[in-house]
Structures are given as structure tokens and as C-alpha cells.
């Protein structure tokens, strides 16, 4: 029973990490209809930046916020410099462009920071809480992770729902033509969407870095599982990203714990297919009928 | 308030009959009308070309030729499903893995000869493709991408889960094929492997060309262009999509089998997500939707790492930078190509060819050049 | 239909052109008569190793370290006046790439010998080829017992102690010092972890092993495995892990409040690497606090033991040629291996041939920086034949706690090796 | 075809279809007797295409039966119809753009010549034969459609009219016994329509043809029988002559429905209880001071294209400041394209647009709106995923003055009290009329000086239409708003307009003041294909 509890808690904390990568992917998909394979590389770079700041200043929180800020800038930059150039073309080209960016970023990170992974400090203790005399697999730092992801999700939710910019972004995502008629500069909103998405991604990076360390390839699995989570939840739904991440995190924790770690990726495949067979556009996207 | 132009309809009647001037001699090779005869002839031409190329090459370039040939088989498969049928697949690396393991198991464990083992690999992978295609036919766009990506990541787990059959992380090794003694004792193994791989690729090319220019290829492309119109025209969209996946998977399976033969192995480390992503990159950069594009894609996949390595080798930089420079160049070149020639290499060549044709052709060949443009589009 | 023909012909023409272009470049140098890869002034050897990709961490340091050592040797005049030129190529730990780069090295770069090809899943795929081509395949960087077969693979030689040997010796230590305690094993699900586990099982009674949990390289969380070992009540935890997973295991155990006597295989103990990964958790103590007291083993001097003449030599070379890289266990590994190659080349004589260097190795090599002897004979190609037990002290340094022990990969006995380590030559030349 | 022709009868019996609350088809029964050409007409949104979709199996009817040759079509998937002898063309053209014309047609005949998969793969003579036979049949069909000359050209690059014919050939090649044509003349010029009519006429007697059309010239000249749908119900059936004379039909088209009980299209759509101020007057507007006003919008020789279609063809018009100008014309006449080009959503290919004396040609939409030009788009202009409040606020976001934004919001809510009630609801939950109000309200949030309105009455009940027209008229009168109003419902539009312009196939065919235009033959011609002076030219 205590094992089940441990696996569940482990599932929740890894699930929240997946959720935050999924969130980043969903934001970009909603804004520009592109699956951003470079997300893993972008958050890797911002995490390296954060680590450099932390090592220089000794302040975790400064590094934390620098990561988020550099994510914002990086996302906007990528959209302006690269994505603009492939947006109008065949949809697969954008995918290839983000893949190429991922390779480029991993190469650059390897050249600058070397392949050797580094330690990234957690802001809070990683010693698990004690419940009923049993030290569980859930630490103050895990709690921080959950709170931070939910906080950013809520923050984004608030931004979307409560602010003018959010309203403009949603209008641009749902109906770009109508948004333009109402004076929304849709191009800027796309850039801002990429910036926000990269920020959500960089959050995932700093949150997960203490547990997977910082290296050019250390975040690769994160992208795969984050994308899987986003697809499970439905690529148009931020809420779906959170729920998808949690579902995936929990299921994979149980698969790894009860069936063996070899089956984790296969488990992800099975879960994904099961969900998509029931709902071909994910849990939280309503399937639209095709037009004749 | 002013009133616009009065209705005046230009006669839009098309000219009756074919009307096209006969194409100039240089673009009408006199070839047999029967597909079968033409296929054989083409295969012979290609075969001779490849034979000459392989003779010119040293053993290592022969190996590159063989590598290019198995990449081509997989890329041609991906061309069918993604280029012609419009279904994105990020899972063809895993399909190659199915083919490679089938070949390795049949040769290594069951003692089969190479040829039947390769055929069985194509068939087995085709069957797996039917399953995958059944799922894929229900999914669209990024959801299909996600499902196939999960397939690419998930399938290698089977190798770890059943180490007794699949050899775990180490995978399986097989003996390379032995060149027949008739070729002489010093006949290089790599050339023999190149011949086999090219023969396989040639079969894929000819069969797919037959398929694409016949009913099935039309159906694939029609479903890609407009699913509703295809249904109205009597095509079973779901079945066509599954069929495309089956054909595509069979090609990838053969490609995987050839990989197993060329590299003498089947191991999970050779079939990671990176391979699947490299394949989709290859078809897009080569030119989506034509077999010629798949040829270019194969050349890119084989040669680009070589070129980036050579360029990087020309510098003398600190180890850390030197090691990563090829990756950086690879990424930069890919981005450059995607931005500069969004239609891929084959697309750019066609555009260039028809532009040159127009300039050279003059007025007498106006219709002919029009034909070329159309033909070029048709190939896509 | 005609278009199809036309494009096919065009494609064929393109292929031919590309073919001609490619055949033009490369494949020009073929030394007549003399040994491939050996000239009057140089010996060219090649290696495959992951320089990029998920397997690169740590491993990517080994070949550059070796190259640095060869540069040092070259600056000292080389071996019989020949400079050693090491070409190492990135295979990204992908076996198909390993095959390609190996053939490139052999066919195009015309290497004299394959040197320190890294990894079991990768290098196993080229052993048959190298043996068929009679290319010396020296000092594979992996502890698989599969290199150790002079009869079927006369050209292939291992170098480090096999994982079984290591497992056996660690197992004996556990059986002797922690008798009656429950043992849990956390291991990488490949031949490295499985080999270690198999060796361990030779010595530790099956009843004592309460849980064996494999992990997949690349997995992001090992919590499910550690909770299983913890709930099985293991009092001794054995890690056959890479440094990253050693660190992940330590962090997870820390979170769980799981305390057991740690035993860590040589691959995953390097205090520099593991310490760097755990540095953020040290809170003022040594960065290796979480692995303090861990039992391990080694066959080379510790990189932190500056009093050791070999370490001093390697540090000097490192500072001269590869100062920007860290100086850790991988560096020592790479340089020690390079030294072994220099020994073999020296022993092969003034006019080295491929057969000559194989004969030289088979006739036995001095252990050089190693604490234990090589098991090189006509039939045995296994490399170092044992290890010595170590532990991590308060300062994060490796301390030897026992004499060098040697054994064979099978069920042979474990015996002490009493010869002391030789002193490093001042000029680095054997 | 021959023997079973007598049995080749399509029976549509009391078919009803509902989409959510909308009743798309209401107990429609139509028989198509063998060998006859039946036209299905009706205003936009009458349910014509839905009827075809039901026949083809894309839409499952909620009630009623369909029988073909005496057998039920229930559960027959669309791709099997070809084998049952039913072929269809689609609205627009929807050729396979990256296939050549002849390949397009070959796809349509694919079920007639099916070689074995393996023989195709190997290129055996058997598949060659099948392929040749199919190609011959396809070329014949293209020839029949009069476009054999383009056989090898890529379909996507063909002129629109040619594409239409290729589409027809794609249906004909299957040698159907029943041919369903969905707007075969849509987007074609008069000469081209005549050609299509000739083609269809040639089919008479050999196969049954059912066609959905807005182009009355075509319907009237080829059909044996005409069925008229309005708001999902069959309202008339008879020969073209009978139908043209039927007052119900005229009122369905021109919107004069005073003698008819209002039919509710939407179950939830009761008209707004408090009609906004400025309730509509039934008579024409009699505005006087028109000549004293300056031109607000000037359009000169404007050209815009959608792919191969020239949607707007050298249109020129002026809209006076403070006036209401109605742009009329049948479906596909280019009205919406005209608005989209003016407001910057569609890049013009030629010509000039100026507003308030300043050139705004080619200015992007987000900038045009900042010049005080609001655009109320057609149909579901309300963004369904946003709430009423959000939709409205979106309209004023570009304006700096935050306080005035709130004022504007209150003003719009005052104008549409019904929206205030639903401010927290998502737009998707609104009725059609409410959505239209929301779209208009959102445009007003930007305090525009001019409003471009695209079919505000589309799909609305007559009463609601009346109220919306009243509202527009009131706005114009009270605040001097200039309005360019695109409408199919000519009578409603002209009831409030000062001027009217009639578009046909992208061109202006008539322009006059509203009173003159309402009685003009030209208008009736454009809508119902009645003979007019122009035809005798």
C-alpha cells in the first residue's frame, strides 16, 4: 500500500513536469498550428542560462526568474527569426524546421557547456514528508513543483481569461480573420504566444533539472512525454495538457513500478492509442464534423 | 455612384482535341508501351548505372551506396504514406526495426537464406503497417504525428522486454552475406552488399513506380487532396489509407532488412526516435511526394553527416566545440534548406528545369514546356 | 507515363554523376607493401565513441584524453620515431553508425588498428568485421566478457576488468562483510548491469538477494525501482549504474529516507562526476556526502590521489593538452588505455605489423598504471584480471581498503595479487 | 443503364434532419423519376446541400427514408454509391488539385476497371489493359464535357470554368443512372452557364439528374421539374414556369413575406422582445440631403481573386457619408469578396479603395479598422469560444481610451438588452439572431464611422431580420453611420437602403437608388433568371 502511495506521488510530480512541457506545446499549437519539437532544446538552453546565473550569484530565485525571462525572449526570437519564414509553407516544413533547431541547439549547448551533465539545485528540501511514520516519495521540492506548474497554469488561465492581451491571443487563436477585423495585430499575438509557451517550457526545465540534471540531451525524454501528454489531453486545450500530463505521469509510474521500467515507453504508446481510439482528438478537444 | 464594367465574357472554351505539338525528340525516348517491359528495361538501365557506380567506388563508398539504398527503400515508403497519401508518420524508424529484426531472426536463428528473409521482412512489416494504418486512418495531423512518434519510441522497448528473443540492449548480430565464389576470391564484401541493397532498392523503385502511376497511386493522391471528393468518386478512404500504410511499411521493412544485411545487426540503439525523425527530414528535404525526392533524401541522409564532418574537420578547435560542430552545421544547413527550398531538392530542380526550359524553348516549344511544368506537378 | 520514364532516366543520370563525383574524392592513398596505417613517422589508429547524444556524458572525455596522451608521447619523440595519430569518430552510441564509422576508419582512413572502440551494443557489431579483415581490435572500452576469446576472435582484446569479475569480487566482499544482510541490486538493463549482477550471484547466496531492479538508460525517474528495493527491506544496496543513475539513485533514496550500505560498481562511482551531479545537495559538506562510505572497487589509481606517480603524470599531460576538460576517472581511464597501447606498440618492435602488435599483446603486457595484471595470453584476451576494494572517504576521495584481487570471469577462485604498482616513467614512454 | 432504367428511381420520403436546434430539412419528400432533370432551388441556407448530403450518406436523416431502385439507402457509405449508379459533383469544384484532369476523371471511374493489386504492382499487361480502358473512358468523359484538350494538365491550375467541367466528367465517367449536381453553375459566367446547360440538357432521357442551383437561368432552361426549398421545407414543386409564377417562391427569395406566417428556423430563436429603437418602416427610405454629403468610401476598378476564380471583377462604387448602400446579388456574385477586399482581409489584385479621402488599398484589416471602418462578417461572426462579453470587448481593444471602452460596452448593452442578459454565456450557446446582434455590437464597440455588414439576415427568421434591419436603419439615422450592406434578401435590404448595387459574377450589373432598383427587372433577373432586356443583347 505504501508502495502504491509512493508510486502515485511520484506519478503526480513527474506528471506535473510533463504537464508543463505539454502546456508549452499546446500554447504554440493553438497560436501557430505547429508542433514545436525544438521545445526540449529551448528549455535546455534556458535551464543552462539559469544554472549559470545561480552559480554566479548564488541565488536560486534570480536564476529561476532569469530562466523564465530568457524563455520569453527566446520564444519570441525563434518565432520572429525562424518560424515566420516557414509558416506559410507546407505544414511539415515547420516541423522539420523545429527539428533542425533542436539539433542546432543541442550541438551549440554541447559546444558551450560540454556533454557532461551538471547538478541543478532544488529550491527546497528534497527529503520526503513523513506520513504515518513512513517517509513518502514526495518532498517539499515536489510540492513546489506541483504548485509552480499549477500556478503558471492558473497564471496563464488568468492571463487568457482576465486580460486584454489574453483576449486578443484567444481571438487570434480561434478566429484569426475575425480578430484582424477587430484590430488585433495577429502577428504580434503569435510572437507573444511563442514567448509565453517558451516561458512555460523554461519553467518545466528549471523544475525538472534537479531531478534529471542539466545536459544537452537530458531533456529529450521530456519532450517525448510532454508531446504524448499534450496529444492525450487534446492539443487545443491547456486544461487537457495538465490532465494529460497527470494521467501519463501516473500511468507510467505504475507501469514502471508494477510491470518493469522496460515497458515505460511501450506503456505510453498503449495509453496514447487507447485514448485516441476513443477520442481521436484527445480528451478535451471536441471533434468537429468534417464539411462536405 | 459609378457602375463597373459591363458584362463581357471572354470565350473560355478550351481547344478541342489534344492540340499539343509533338514534344521534341530529346524528351520522347522510344520506350516500350507495356509497363512490364518498360519496368524491366528501366531496371536494367538503373542496374547498369549502379553496377558502374559500384565498380568505380572503393569499398567504403560502396558501403555508403548500400546505406543510401536501404535509406531509399524506407524513404520511398515514407513518400507513399506522407508524400502521396498525406498521412504524417514519425514512426518509420520503428517499422525499419521490425524489418531488421525479422531478417536477423530468420537468418540468424532459423537459418533462412537472405532473399526469402528479406521478402518475409517486407511482408511482416506490412502486416504491422496494417495495424498501425488501422489506427492512423482514424487520426489526423498532430494526433497522427503523436501516435506514430509514440510508436517509434515505444517499440524498441520490446527488445528489452524479451531479451531471449531480441537480444536486449545488444540486439542481434548476423553474419554478412558471402559474395559468390564466381566473383573471385578478392571481391569486396561491401560491393556485394551494395549490389544486394541496390537490387532491393531497385525493386522498390520499380514496384512503387508501377503502383504510383496506376490505380492505387491515383487513389492515394486523391485521398490526400480531398477525402470527401474521393469518397464521392467511389474510393473507400479508410481502406485506401490503410493500404498506403501497408505498402509504405513493407518498403520500410525491406529497408530495415537491408540495414540488417549491410550492418550485420539488429539492435534497439540503431532504431531510436532519431532515425524516424531523420527519415521524415529526408523525405521533406529531398522533395515530398516523388520517388526521385526519396533518392535525393537518401543522398542527403548519407552525405550530409559526411559533409558536416568534413567541414568541421577543416577547423582545429577545442575538443568540446569540435565534437559538436557537425551537429551545429547539420542544424544550420537543414534550416537553410527548408527556408530556401520549401519544396525540397526535387521541387527546386523541377522549378529550375522548367524555368530553363522556358528560356531555351522559345515560342515553338511553348506548349511543350507547359507539358513539362504539368508533368513536374504531376510527379508531385 | 512518359514523364515517369523521363524522370527515372534523369534520376539515374544524377546517381551516376554523384557516383562519379564521390568516387573522385577519397581512396587515393594506399601504401604499397608496408603495413597499413604505418609510415616511417606515424602510426594511425582509429576509434569510435559517442561524442554527442544521450550516451556522450563522460564517455566523450575518454578519447580526447587518450589523444592528449598520444600528443604527449609524440612530443617526447613518439614510439620508435613514429607519432601516434588517433582518429576518433562519433557514433552516437548507435550500432549502425558504429559499423559505418568503423568501416570508414578501416577502408578510407586506413588505420593500423582499431583502438578503444567504446560500448558493448556498438562494438559487438564490428568485431566480426575487424577479425575478418585482420585489423587489430585493441582494448575495447567495455567490460563485456565477449572480447575475451582469443580462439574465435584472435584480433580482439578487452582492456578493463570484465563486469563479471568485478561483480564477483564485490560479491565476495558483501558475502564476507555483510553476511546475513538482505541485498538489493539496482542495475542498468544491459550487459553491463546484467554482467555485474551475474558475477555478484556467484558469490552472494541467492537467498540474500531480495530485490533486483533494472532500469532503462534514458529513463527520467528511478523512483519506482528504488521504492521496490526499499520495500523489500534490502540492507545492502548494490548499484551497477552509470554516474547519472548513481546520482539519481542517491537523490531518490535521500527523498525516501532510505539508508542502506552502499556498494557501487566501478563504472558509477567516479567521485568527480557523481560529486558534480550531487553538488547542489551537499549543503556545505563535500559534494560527495551522499556517496560517502560507499564500497566500490578500482583497478586504476584514483584521480584524486595526487601522490601517485601515474596520476601526477596524467595530470601534467592533461594540464598541457586538454586543460579545459575535467580531470576525472574518464581522463585517467583514457590515458591509462593510451599508455597500454604505447606499451603494445613499443613491444611490437621497430617495424610494427598488425600481426606483430597482436603477438606483442598476446605475449603479455606489464600492467602500467593498473593495480592488477592483464590477462593477455594466446587464448585469453580479457584485459585487467581483477580489482581492489575501495571506499569513498569524507573528503570524497577513493581510498583503497583491500589488496588487489584477481580472478577469472567464470567460477574460478579469487586470489590476492601482491606485486606493487610500478612507478610511472618520467617521460611517459613505456 | 438500359434495362434497369425504369427502376432507376430515387424516392426521398419525409426526410428530416436537425443540426442541434436547427431544422435543416423538415419532412421533405421528392421523387426523381428516371430520365428527368429535377432542379432543387431555394435561398441560401434552405437545406439544398443537406438534402444531397443525406442522399450521399454523409448526413444521417433523423426521420424519413431514402430509396434507390426500390432499395433503402440507409447505411450505405458514400463510397459505395458510385457502384450503385449514383454520382455527384460537389459545391465549388473540389477536384484533386495535384492530379491531372484525366487522372481526376479516372479516379471517378476507378470502380469500373479494377486490376488486381499484384498485377498493378508488377505492371502486368492485365493492369495495363485496365488502365488503358479507364483512360479511354476518362478521355471520352472529358470529351463529353468538352474539355478533352486539358486532359494532361494539372487540375489545380485550370481555369475555374474548366475545372467545373472536369468535375462533371469525373461524375459522368462512372456512367451513373442518377447524377446529383451541386451548384454546377456556381461561379460561372453567363456564357459558361449556357455551355453547362447544354451539357446537362444532353443527358436528358438517358439518366436522372438532380441539381441544386442558385443560377436561375440554368435551372429554368434545363429542368423538367423544379422543387423549391425554404428553411428546410419543400414549399413548391412544378415546372419552371409554374415555380417562377408562384408568389411563395418570389417571397422566399426576395424576402417579402408579409402574407406568410413567420417560420421559426431555430427552436430557441424567439425574436428579441424589446426591439431596438428605430423600428423598421415598411416603405422605402426617403432621404433627401444625399447630394450634400461627401463620399465616404470610394471603390475604383477593384479586382480580387480566390485561386482561379475572379471573385471581384473591376467593381467601382461610391458610398456617401451617412448613407446606406445595399449590395445585392445571388450567391457567388462576389458580394462577400468585395467586402473582404475593402476591409483588407483579401489582398486586391487591382484597383483602388479609399476611405475618407485616404487611400487604404491593400492596407491590412487590423489597420483598416483603426481608420473607423467596422466589418461585420458573414455567418458565425461571433467567436464561439468566447463569451458575449469577451466578444464585445474584443471590438474595442485597439482603442486607447479605456474609460470610453466601458462606456461603449454599456451603450451596446443598452442597444441589445438581450446580450446584457447573456453576457457571461459563450457565443456558441446563442441563437442565430443573437449572434448577429453580437457581431454588430462588437463592430460598434470600435465606434466606427462606417459599417460593412455581410448578410446580417442570413439564416434568420423574418421577424428577426426585420428587427436587425430596423436597427441598422436606426443607427444610420441617429448617429450618421455610413453603411455598406451586403444582402441576398433584396427586399429587406432595399427597405432601409438609400442606394443599391447589383452584382453578378463579380461585376456590377445595376446601380440605382433603392426605390428604382426595387422595381428593376435587372434585380429579378439576377435572382430568378427571368428574361430581361440584357439577354436579348
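Of note:
Going by the order they are written in, the chains are A, B, C and D; count residues from 1 in each one.
We adopt the following convention: a contact is a pair of C-beta atoms (placed from the backbone, for glycine too) under 8 Å apart; a residue touches a chain by one contact, two chains touch by 3 or more.
Bear in mind the structure is a predicted one, so any value in this text is a computation, not a measurement.
Note on connectivity: the fewest steps through touching chains from chain C to chain D is 2. Remark: among chain pairs B-D and A-D, B-D carries the greater number of C-beta contacts.
Among the other chains, C has the CA centre that is most remote from the centre of chain D.
Separation between the centroids of chain A and chain D, computed from CA atoms only, is 43 Å.
Work out the mean CA point of chain A and of chain C, and you get 36 Å between them.
Distance between chain A and chain B, defined via averaged C-alpha coordinates, is recorded as 33 Å. Shared contact sites, meaning residues of chain D that touch two or more other chains, fall at 56, 58, 90. The set of chain C residues touching two or more other chains comprises 51-53, 60, 189, 216, 325.
Of all residues in chain B, those touching 2 or more other chains are 35, 38, 157, 160, 228, 320, 323-324, 326-327, 375, 378, listed in ascending order.
Those chain pairs judged to touch are A-B, A-C, A-D, B-C, B-D.
Chain A makes touch with chain D in their complex at residues 164, 167-168, 170-171, 174-175, 177-186, 292. Residues of chain A touching chain B in their complex: 29, 35, 37, 82, 85-86, 89-93, 95-97, 99-108, 110-111, 114-115, 224, 227-228, 230-231, 235, 260, 262-270, 272-273, 276-277, 280-282, 290-292.
Chain B makes touch with chain C in their complex at residues 27-29, 31, 35, 38, 42, 45-46, 49-50, 52-53, 56-61, 63-65, 67, 157, 160, 168-171, 173, 175-176, 190, 205, 209, 213, 259, 262-265, 267-270, 272, 274, 290-292, 295, 299, 303, 309, 318-320, 323-324, 326-327, 375, 378-379. Chain B makes touch with chain D in their complex at residues 1-7, 9, 11-20, 33-36, 38-39, 206-207, 210-211, 214-216, 218-219, 221-222, 224-226, 228-237, 370-371, 374-375, 377-378, 380.
Per the touch definition, chain C reaches chain A in the complex via residues 51-54, 56-58, 60-61, 189, 213-216, 218-225, 227-228, 231, 244, 247-248, 251-252, 254-258, 273, 276-281, 287, 325-326.
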